[in-house]
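Let me begin by presenting the structure, written as structure tokens, before commenting on it.
Which chain is which? They are A, B, C and D, in the order written, and residues in each are numbered from 1.
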Amino acid sequence: MNKVLSLSEAVERYIPDSVGFVTVGGMHLHNNPMALVREIIRQNRKIKRLLTSPCGALNAELLIAAGIIDEIATSYVGFEHIGLAPCFRRSIESGKLKVLECDEAYITHGLYAGAGGLPFMALPKGIEFTDIPNVNKEHYSFTTDPFTGNRVAVGAPLKPDVALLHAYQADENGNAVMAGAQFVDRYMALASKTVLLQVETIVPTEEISKHPQGTTIPGFLVHAVVEAPGGCYPTAAHGAYEFDDEHISKYMDMAKDDEGAKDYINEFVTGMTEGDYLKKAAGRLAELRYGDGILAADLSQRKG
Amino acid sequence: MTVISNNLTASWSRSELMAVELAKRLRNDDVAVMGTASAIPQMACRLAQLTHAPDLYSIAGGTCSVNPHLAPVVPSCGDYDLLRADTSLSLNDVVLLEGRADVLTVFFAGGLQIDAYGNCNLVSVGDWAHPTLRGPGTVGLPFLSRVGRILIYTQSHNPRTFVEKVDFVGGPGFLRGPEEWKAADLPGGGPQLVVTPLCTMGFDPQTLRMRLETVHPGVDVDKVRAATGFDLIIPDSVPTTPEPTTEHLSILRALDTNGLLKGK
Amino acid sequence: MNKVLSLSEAVERYIPDSVGFVTVGGMHLHNNPMALVREIIRQNRKIKRLLTSPCGALNAELLIAAGIIDEIATSYVGFEHIGLAPCFRRSIESGKLKVLECDEAYITHGLYAGAGGLPFMALPKGIEFTDIPNVNKEHYSFTTDPFTGNRVAVGAPLKPDVALLHAYQADENGNAVMAGAQFVDRYMALASKTVLLQVETIVPTEEISKHPQGTTIPGFLVHAVVEAPGGCYPTAAHGAYEFDDEHISKYMDMAKDDEGAKDYINEFVTGMTEGDYLKKAAGRLAELRYGDGILAADLSQRKG
Amino acid sequence: MTVISNNLTASWSRSELMAVELAKRLRNDDVAVMGTASAIPQMACRLAQLTHAPDLYSIAGGTCSVNPHLAPVVPSCGDYDLLRADTSLSLNDVVLLEGRADVLTVFFAGGLQIDAYGNCNLVSVGDWAHPTLRGPGTVGLPFLSRVGRILIYTQSHNPRTFVEKVDFVGGPGFLRGPEEWKAADLPGGGPQLVVTPLCTMGFDPQTLRMRLETVHPGVDVDKVRAATGFDLIIPDSVPTTPEPTTEHLSILRALDTNGLLKGK
């Protein structure tokens, strides 16, 4: 079944004006599905709750900058070695954004539970000695281990309504291949009701079938495939191009206050189409593209 | 390895010294994991592999590549370049092994706040619900309760970072001291080392509070005391941290062609 | 660290005379680590409890035929389309073998819990409507889901002392690559204290590093690497050769009664060295070997 | 597809007929999973894909390959040959999706015993602790409680297989009938079809007991009744199962060059 849609169609069709629970793929400044994120901002969708991977970055920050998220469940939002994410920081400090404090293991196991219909996940010993379960009682609780009688910490299953994900390539059915690291994106796809996929290139099924074990996400989990070459920019797309630290730094400069963040959104997101944005970025993208050799996308280097 | 001039030795950076000190604590049979923004521990592991610990395994917590070749070292733990490596795991695998607790022996930790008992905080300063400074979040720090040895490193040695008690426990150290620590009966061995741009610190076996071990060349004990926001245990005699050797520096610089540790 | 050992050394060093909890990899007649299994029989080790993958086959059956297992935790032992496993069947019917009745989802999730230090796994709704939790109270129990108040079925973590596994290739450190399907072998490695690996070929680390994402098991989990080309015979080794239905049928014929099973063990296991066994099988192995083309081991077709 | 002689039609096997009947129940938007020794459902899925359900996904439960090309079909669900496929999952992925319950819509089941309510048993006949016949084990049959539609197939239609009540519930059908079924409130839709070498059967919507639907060519109702160990609901008029068409047979035989379904 052909699931290829334009970027605007995919968001129009699968993201309601107000959507409950969205998860966004990618980790740190890698494989953030920025084309989908920007289009959601352009179409001014409201998101009740966003879940990041264990390390969110611009994928979450830009939605916060646009003011369209009420709550965020995360264990990290930032720009790693480059610095803190200004709007994430400011909107929590000012009380505008509710944060559901999580840790990496819970996000990973919680998605596993969501994918597998498990009622909850019993967590390894240790989390109860942190403050996290104290401040996030919606996701963390305690029960009895019937095998030992011990009281143990448990985490709630994570079952997003929508997952926004990037993959290196897919066929029109949504059979998708990730190059490089998969982070928790595959589990997001397994756990979510609706999966929107942006890819660098759409390829024929025969191309995917050459290495059936390289497929990361089977088509039956995917609802829309959007061809968005360069669509992770200014974050990296593994196998295609590196992140643009200059553009991230520029963003951080502009977003030092709410006014500046708005200016960035106006200038780089709502103020232009995705096509125009990428035309503007084309020069930098060319510089950031991986060369040949081991760093060019080696699709034999895949993990299921 | 060719011998290089003494000028090189003279010009080591604080970050290079920190990488060397961390490397010295790694053993040949360790499996070490690092997380976000981990150029220093990445280099420490590679240095150890190329010197006294050839069988050491190091895992870059983002891509989860095993023994990344780091030619050159990169600033992001999720970088595609890190997949130039011996092998790799999935993130889910690494999270599992962090739970299992008997396989991964070393974790490199840090924090916005680090307290006298080695508890770490990357979440918030002030009241969590109304923070004066919101940090990025705790990522995998709860794993500190389960790992064999915690090696803490930070580029910030000042009283805001080194506090008596963290405002939010995200990475458990020795909790509130011997009584709580014993009662908790955690699988992990607790924090072993703290490396900063000023000094190295360990933990007093009785009180489990941080104790000065060595001061870096050019740093005196009073400077460390003033930069630390709690009552640091200071032994009568505090040796000076050895300078990096020319061998160490030539290895580090061959890896760090991007200059991530240089002059910092 | 060089972990390469001969087959007999690996069993001598890592399997005590009496070993508590062993798990054996492979599923149905595929990737059964038969060289290790045969050597354990030759060295007459006693196994208190054996855990199979969701579908055990000759890997479990032969250990039962040799009479060296007390208990088996499994969701299936048989020869799929070829028929029932005679000694498994007979020794349960006669009460000689204790069976800990499991289902596929529990074995998979239980290994996940064992790998991840999770105190237990809450299981998806449904298992409580089968008889399985009634007959295996050691592995299945019930507790309260604190998020809903519901009573839910849970499974105990599976943490074997020793895993016996096959991989297509490994380096001397134990960094291993599986060709074809991985079944639950990777989780067995992640969950077990000691991992013994038999491989078709040992290759230099540089060979493994060409496709770092193709590695299935990292060396630090592996204790011994045994080069055992043909070592899965008469089961299949994905990427190398098919199973030998003729030999399996011959086994089933011989093992119709305890006497015959003993004769098989004497003739094909204890009565000869592994080398002699494989010399005898060489002709069939050559016939069963995958040809070139898509069915030859394509190491780009790997799943992590 | 070229038209082939009527001789072909005349010579279909019971297994081929079963594959065709299963294929007819598959929809274009189904995601169907099969397990151990699944040559018949494998063929049914491929036949459906090549006729009325081109978008159907089929998953071979051993290798977990998705839409195996089956050229030719193989007897083992774990076969390396099955990885000639559109894509593949890991076993762990498939187990997860079986728990999620809203993605996988069809499961092909069977049993040593199948009872009047469609409960399946692959574990043991007689008392579980002292069985008269020990079966191989239940594998993934508990998934029956969560899948959209259960399609049951068996090569054995006799009173030992079709019993009033299974001795061990490994795969839940409609449990002990409407009251229990309603109270259980399971995510799955329950059994929809049973195909044997003699007939096809469904389930009566009121009593949830098995009901004869069609008898295969050459089989009469009394033969089915005698071969069934419980009181099968038999409507006044029972049509004959349509014979496989030449198109069906030519597709099946092009896939089944190993002759797994031929003459059986």
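One rule holds for everything that comes next: a residue touches a chain if its C-beta (ideal position, glycine included) is under 8 Å from a C-beta of that chain, and two chains touch if they have at least 3 such contacts.
Since the model is a prediction, treat every value here as computed from it, not as a measurement.
Enquirer: Identify the chains adjacent to both chain A and chain D in the sense defined at the top.
Expert: C
Enquirer: CA centre of chain A versus CA centre of chain B: separation in Å?
Expert: 28
Enquirer: Can you work out the whole-Å distance between the CA centroids of chain A and chain C?
Expert: 37
Enquirer: Cα centroid separation between chain B and chain C, in whole Å?
Expert: That pair's centroid distance is 39 Å.
Enquirer: Specify, in ascending order, the residues of chain A that touch 2 or more different other chains.
Expert: Touching at least two other chains: 109, 112, 116-118, 123-125, 180, 212-213, 301, 303-304.
Enquirer: What residues in chain D touch two or more of the other chains?
Expert: 65, 83-84, 88, 90, 95, 99-101, 146, 187
Enquirer: By the document's touch definition, which label belongs to this structure's chain graph: line, ring, star, complete, or other?
Expert: Contact map by chain: other.
Enquirer: Which of the chains are touching one another, listed as pairs?
Expert: Contacting pairs: A-B, A-C, A-D, B-C, C-D.
Enquirer: For a test of understanding, state which residues of chain B touch chain A in their complex under the given definition.
Expert: Residue positions touching the partner: 36-37, 39, 62-65, 75-81, 83-84, 88, 90-92, 95, 98-101, 122-124, 128-146, 168-172, 175, 184, 186-188.
Enquirer: In the complex formed with chain C, which residues of chain B make contact?
Expert: Chain B residues touching chain C: 31, 55, 57, 65-66, 69, 83-90, 93, 95-97, 99-103, 146, 187.
Enquirer: Using the touch rule from the top, collect the residues of chain A that touch chain B in their complex.
Expert: These residues of chain A touch chain B: 27-30, 54-55, 74-78, 80-81, 84-85, 88-90, 92-93, 95, 101-105, 108-109, 112, 123-127, 129-132, 135, 179-184, 187, 236, 238-239, 242-243, 290, 294-295, 301, 303.
Enquirer: Touching chain A in the complex: which residues of chain C?
Expert: Of all residues in chain C, those touching chain A are 109, 112-113, 116-125, 141-148, 150, 152, 154, 156, 180, 211-214, 298-304.
Enquirer: Applying the document's contact rule, which stretches of chain A touch chain D when the two form their complex?
Expert: Against chain D, chain A makes touches at 1, 112, 114-118, 173, 175, 190-191, 193, 205, 208-209, 212-213, 215, 218-221, 304.
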